[in-house]
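These notes open a run of structures that come right after.
The same subunit A turns up in both complexes below, where it pairs with subunit B and then with subunit C.
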Partner chain A sequence: MNSDGRATTQQRLLSRLMQIAFIAVLLLLWSLATTVWGVSRILLPNPLNVWHQLVEVVSSGAFIPDLKVTLGELTAAFAIAMSLGVSLGYSISRSRFLIKVFEPLLAAIYAIPIILFLPLYVLLLGLGPGSKIALGATISFFPIVLSTIAGFGNVDRRLVIVARSMGANDLQMFRHVLLPAALPVILAGLRMGFTVALLSVIASETIASFAGLGHHIVDLAENMDTARMFAYIVFVIAIVAFLNAVVSRLERWVRWR
Partner chain B sequence: MTPAPSAISVHGVSHQFGDSGEARHVQALLDTSLEVVRGELLCLIGPSGCGKSTLLNIMGGLIAPTTGSVTVSGKPVRGPLPRDLAFVFQESALFPWNTVFENIVLGMTFQGVAKAERRDRAGRALEAVGLLDFAEYYPAQLSGGMRQRAALARAISLETEILLMDEPFGALDEQTRMVLGEDLSVLLSRSNKTIVFVTHSLGEAVFLADRVAVFSARPGTIKQIITVDAPHPRKPSFMTAPKFHTLRDQLYGLLHDEIRKAMSETAQARRRYDQAGAAKIDSGDRT
Partner chain C sequence: MGAMAVSRTEVAHPIMPAAPNIWRRLERRPGIARLGVVILLLLIWEIAARYFLDRDFISPPSVVVMSLDKLFGTPGVPSALWLTLYEVAAAFVLSVIAGAGIGLAVGLNRFAHQSFMPIVLLLYGIPQITILPIFVLVFGVGVASKIAFGVSHGMFPIMISVTAGVQKIEPVLFVSARSMGANRWQLFRFVIFPHMIPSFFTGMRLGMSGVLLGVLLAELYVSTAGIGYFTSIFTQNFDATKLMGLVSMLAAIAIALNEIVRRAELHYARSRD
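== the complex of A and B ==
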């Protein structure tokens, strides 16, 4: 390895160490706040307590029913957003005129806080998973449809012309030219859509619901069981980080094929 | 069936972009007729915007002319003709997500070549352009000259009788251009392909062509056709021969006035376009 390579490796190591140190200091301050400075245990539980709760939650499997509900809602919401977003986006991208009409319209709707529709969805679909699925699907539909329009709408014209001159039929054009050209942009939109679907499903569970991880956290807060609530928050963060990592991996894998 | 006398016949072709009266209206080609002889290399040369590339696209069925008609091997052209002719464009237009080899195979897939034949033909085409060692490279990993070789290999593998080349070496540096030109001349002498080659370069036209069609400024039409009587493959020494210089000077003489005319025409059109735009803003029309 040359000296440049070594320098960047060292730098990376250093920045990683700094990150770990930062988190360690935060944990230390947290611990001091609960032991030495006497912050109320109800508002801020002791980190060791939280750790014990987390171990208990994970080992007992108490999280399973709520995780099932949340993941079920997420899957349904994302599946709806993906199938509608990609198919509508593709149809719109086939005509300059349709792009001109719908792209600004969709971008404008995307900019409003769609969480405002939650009360309406609860009214229409009740407190169960239906309203969470509807909200998640609505929110994640927009980045997906917009990136699909951008992806299929901006394919290099020269490639389309050269394929046509060699006799490509419509199916071949789609499979070998349009799809590979558009895929990176669409995948970025899908990843974005997945993230916002996950956020909105959990967020809407905390606002109005019967079950799910978000609902459980609110329940614990209302019962003043803060240590266990913190444990659940840490657990949800871990799940979200894991899902995002899986989706990123999946994106890279598809990109390489 | 007796073979048609010409590989391509162009009859009274005119083409305009946009409708007359529109600010963007351009009369690109005016009443152009041309016979491309079987097995020849015909260069189209002319000032920018004279419609030479438009004519090439019309010959290949990628653009339908406003008036006039084109026949390829006696058949009227109504759309792309993947079995009769292959294109090579200025920018290689290789699929960036495929390797060189996959690009060539994909072209044959589009054209409808039997699967069993594709690998062999791709290998032969790569060998002909000297890229066999780079079959598994992606276009982004190649130099501009190598990408054009790959694009040429893709066109050759289609085994069409006609090649239409739209400034294929236009984006390359002078040295690379010369070497590719020599290689093309060698390739040509080995096959009996008919080639129509659009270029900006006088030297390239004289070096490669059997005949050079000189276009007038817009609206373009063929002003004169010059014959270059020298056998292929042509050696670099041809470039220093007196004949080369005489022809090159003759072409320069023909083109010089047209290029001046084209430049003043462009400046005028620009002024008209700007004025039209200004008038629109004055009248409060912002559509």
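== the complex of A and C ==
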């Protein structure tokens, strides 16, 4: 049990080994399944095959058109969500009454799976980028607006009173008191909004679309080109991880400034 | 009717003392103002859909509500809703079992925690929507792939909260229970179980929203009998009324399920602290 409070270096080394062993066993089972046990190539491609396909996908640059589509949709969706979310959140946060009226309402809508709106957006905006942008913007709007309300709404009253008594005007108040106090919370909301926008853009491409990274995975699945599909999935996961890492880095940089 | 009309005209007239009075009363009751906002939005939607927008694409809320019986009269829709509910229930039960089981195993053993928690977090960080086609490839287009995708979304939050909850138990409690001669079962029943309850219910709330997301994603992606089938049929037929009705039914189901687990969390998390 947990009675031993500290972990020795030996233990840490052992668990590192366990992790490597876990992944190694997984890879071994995978390759055994495809070579010895004869699992269908359509269900589970050979890992070496997947690797070759991955190298091919990355080096040929065949992913660029789809990546452009996805990034374009993501940028539009996030820009809409950010401008609407921050401006609405700021206006709501200016009054305690408005916070009390709108915050529970927004939180309640945020609790339903917004992916449900996708069929409506497809009906309204078609299968093109419009429905993806709309869904991504809707989903990422909520964390942004809620965190903006929380950020600006919870600024210490004393700071505001002190700044006022020192004769700060509205602009100075915003620039030197409200913004620095609210920024960390808003940035966290923006980062979360970015992540969910990215995921929902890919999700709506997967469900109903003509182009984009998500659509390409479905295309390969429908053509039973499983090895290339696995490679593409790994590639997309890497891109998502990369974008999220960039945004986290950006968040930390802005906060530090 | 008559009295209401009179009072309304009174309000409409700019009598100076009346207006601030109403504002002040509203200010004390944000719930009423909230209701007003919702009604106003519905009204805007109603007017816009009735007079300005194309009926093929958007339907006024009154029409959507009035034709809910037609939606349920469509052959296959009630059973599709039941099927979705069944998928969510099955996926949730499996997620709770798997999440609590693995969470306990990983949380109670220091070595297992050190070794496997990074792997769990890594798996949880994968954008699962990318592997949805694999689920369909392996489990088929039927019920199984929906349940499996729901479990893969719902399991991790439960696992992580249970692990975190168990980890927070003070080691002193284990030592004293052991020294009083508690066996393994008694240790679980009287030390671990009461302490994991709040985090377990938090995990179940997060797990439920995960399960709903996973099942709905898989349903919308490909479905031969569930609600995903009907959303695509209604979209192709430009049947905005039925589509909006179905989407609002699903949203209502999702809200109800979320609310049940949220209430449970509030109840148990509070009573233990």
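Everything that follows uses one rule, which is that the second predicted complex is superposed on the first by the 236 of 257 C-alpha atoms of A that agree within 3 Å, B and C clash if a C-alpha of one lies under 4 Å from a C-alpha of the other, contacts with A are read in each partner's own complex, and residues count from 1 in each chain.
Here, contacts are C-beta pairs under 8 Å (C-beta built on N, C-alpha and C of every residue); 3 or more make two chains touch, one makes a residue touch a chain.
Since the structure is predicted, the reported quantities are computational estimates derived from the model, not experimental observations.
Asks: Should A:V254 be classified as contacting the first partner (subunit B), the second (subunit C), both, or neither?
Replies: Touch partners of A:V254: none, neither subunit B nor subunit C.
Asks: Could you look at A:H176 and tell me whether it touches subunit B, subunit C, both or neither (first, second, both, neither)?
Replies: first
Asks: Between subunit B (first) and subunit C (second), which, if any, makes contact with A:L29: first, second, both or neither?
Replies: In the superposition, A:L29 contacts neither subunit B nor subunit C.
Asks: Tell me which partner A:R158 touches in the superposition: subunit B (first), subunit C (second), both or neither.
Replies: So A:R158 only meets subunit B here.
Asks: Of the two partner chains, subunit B (first) and subunit C (second), which one does A:L13 touch, if any: first, second, both, or neither?
Replies: Once the two structures are laid over each other on A, A:L13 reaches no partner at all.
Asks: Let me test your reading of the model: by the given contact rule, A:A238 touches which partner, first (subunit B), second (subunit C), both or neither?
Replies: A:A238 contacts neither subunit B nor subunit C.
Asks: Which chain makes contact with more of the residues of subunit A, subunit B or else subunit C?
Replies: C
Asks: Of all residues in subunit A, which touch subunit B in the complex?
Replies: 158-159, 161-168, 172, 176-177, 180-181
Asks: Which positions of subunit B touch subunit A when the two form their complex?
Replies: Where subunit B meets subunit A, its residues are 60, 62, 80, 82-83, 86-87, 89, 91, 93, 95, 97, 106-107, 109-112, 158.
Asks: Can you check the complex and tell me which residues of subunit C touch subunit A?
Replies: Answer in residue numbers: 27, 30, 33-34, 37-38, 57-58, 108-111, 114-116, 118-119, 125-127, 129-134, 136-138, 167, 169, 171, 174-175, 209, 212-213, 216-217, 220-221, 231-232, 234-235, 238, 240, 243-244, 247, 250-251, 254-255, 258.
Asks: Going by the contact rule at the top, pick out the subunit A residues touching subunit C in the complex.
Replies: 1-5, 7, 11-12, 14-15, 18-19, 22, 42-43, 97, 100-102, 104-105, 108, 111-113, 115-120, 122-124, 198-199, 202-203, 206-208, 214, 217-218, 220-221, 226, 229-230, 233, 236-237, 240-241
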